[in-house]
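Got some structures for you, see below.
Both of the next two complexes hold chain A, though its partner changes from chain B to chain C.
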Partner chain A sequence: MNPIGNLNKLFDSRIRLGVMSILMVNGEISFNDLKQMLELTDGNLASHLNTLEENGYIKVHKGFVGRKTNTTYSITKSGEKAFKGHLTALENMIKSTR
Partner chain B sequence: MNPIGNLNKLFDSRIRLGVMSILMVNGEISFNDLKQMLELTDGNLASHLNTLEENGYIKVHKGFVGRKTNTTYSITKSGEKAFKGHLTALENMIKSTR
Partner chain C sequence: MNEQQHLETLSDIKRIMERSSRFISLSGLSGVWAGLTGLAGAAVAFTQMSDYYIAWDTRGSYSDADYAALRYNLITLGAIVLAVAVAGGYYFTRRRARRNNVPIWDATSRKVLVNFGIPLVAGGCFILGLMFNNFVTLIAPSCLVFYGLALVNASKYTLSDIRYLGLAEIALGILNIFFLRRGLYFWTLGFGVLHIVYGLVMWWKYERPAKEQ
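Coming up: the complex of A and B.
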């Protein structure tokens, strides 16, 4: 059995793992909150968010707080399904090492 | 708390996760066995093995079976320690999503 057979290539980055795990437990979260929680630069976070959005795993919401733009993100149904599958595959891999 | 704070950048690849998890439970394993188990091409596997070796996480053993060269790999103490730390961080991240 290939121990990494069911791992999702798109989640081959700590940063995307971090974004998805935060969005799993937070309905909607802003770019700045994600950046602080994951201790990242703007550019680094933005590129990973684009990839996740292009693959339909997260949704972007452009809003305003007062006159300031406020971009927030939420997980999609297919994102949740794909990430849960990845976590299960990770757990099976971890079990195989014990 | 940064959910990915303790994740090791070097294990940001399914293939390296696969190699390390196999080496955790197999004292020594050949290039070809790794290639079959992980369903990879020679080049792809070789480049990841080089990275793991350069970082001292695995050791290479060049031997012979009859007149044919037989290269095998094993995990080092520091490799085991780093990978166990990564698995613990993954488990904590998974727990944070539930």
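Coming up: the complex of A and C.
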């Protein structure tokens, strides 16, 4: 079997991979915290988050803190599975070339 | 993509996970500063207490006014020591965060503060209750135990080594329960010596090589 086939295309993007890495270890995290951690602009981060949401890898929760909107994100079961699968694929490729 | 790139990706993932879930800018020098402040505070407390007992001996009897004054002085001293220790600790940690180019106030530092704060505030209320009921000998061991629990709790969100400092503080506090009225020595050891040792070890382990670069 072609080992590259196991790599998830969605995670070719460094930013999406970064978002998933953060969500794996943090239960729920706000848009602003994500932006700060990844050092991105609003628009850039938003478009990647949309892609991840459309694929069912992350969940969006819209809420309010006072009058300000506070959007938070968390990883879904299928997102977790996809991310772990991607990691395993990466590890296997490193092992197989040794 | 080749092997090297895959390795880089994996280590990036690891670094992002680490950085997004733990506050790693906590400086060892903050610990050293807190320890030195603690030692200085203990020295002042020691003279105040020995003055109190000398006055007692020369008078030959206990004095309510003297006791109230000592109590007031020690509480004031404690508050000053705490403020100086926290202010200096904040300074060194902010300096380190700036050097690493990471914000001092972010999701991870908030988590550290909240998780450190819960056992600490609980302990603070408990100790106020002890003072209210005049169980003064239990104050020192309770401070050490609750402070240790707070450190252990916070260690999940910052340098994991801080867990060992927490365990050592808990152990000292429990030992103190069996040597009541020796609270000041245990305090000096727990808040002074342990902080300095921990701070130096942390500085040596994480900050020293970064300085050379």
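In this section, the second predicted complex is superposed on the first by the 95 of 98 C-alpha atoms of A that agree within 3 Å, B and C clash if a C-alpha of one lies under 4 Å from a C-alpha of the other, contacts with A are read in each partner's own complex, and residues count from 1 in each chain.
Keep in mind that, in the parts below, a contact is a pair of C-beta atoms (placed from the backbone, for glycine too) under 8 Å apart; a residue touches a chain by one contact, two chains touch by 3 or more.
Just so you know, these numbers come straight off a predicted model, no measurement behind them.
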{"item": "Larger contact residue set on chain A - chain B or chain C", "value": "B"}
{"item": "Which of chain B and chain C A:Asp33 touches, first, second, both or neither", "value": "second"}
{"item": "Partner chain in contact with A:Leu87 - chain B first, chain C second, else both or neither", "value": "both"}
{"item": "Which of chain B and chain C A:Thr97 touches, first, second, both or neither", "value": "both"}
{"item": "Which superposed partner A:Met24 touches (first chain B, second chain C, both, neither)", "value": "both"}
{"item": "Chain B versus chain C as contact partner of A:Lys9, first or second or both or neither", "value": "first"}
{"item": "Footprint overlap on chain A, where chain B in one structure and chain C in the other make contact", "value": "14, 17-18, 21-22, 24-25, 37, 87, 90-91, 93-94, 97"}
{"item": "Touching residues (chain side chain B, partner chain A) in the complex", "value": "2-5, 7, 9, 12-15, 17-18, 21-22, 24-25, 37-39, 83, 87, 90-91, 93-94, 96-97"}
{"item": "Partner chain C, residues of chain A touching it in the complex", "value": "14, 17-18, 21-22, 24-26, 29-30, 33, 36-37, 87, 90-91, 93-94, 97-98"}
{"item": "Chain C residues within the chain A interface of the complex", "value": "2-3, 6-7, 9-10, 12-13, 16-17, 19-21, 103, 106-107"}
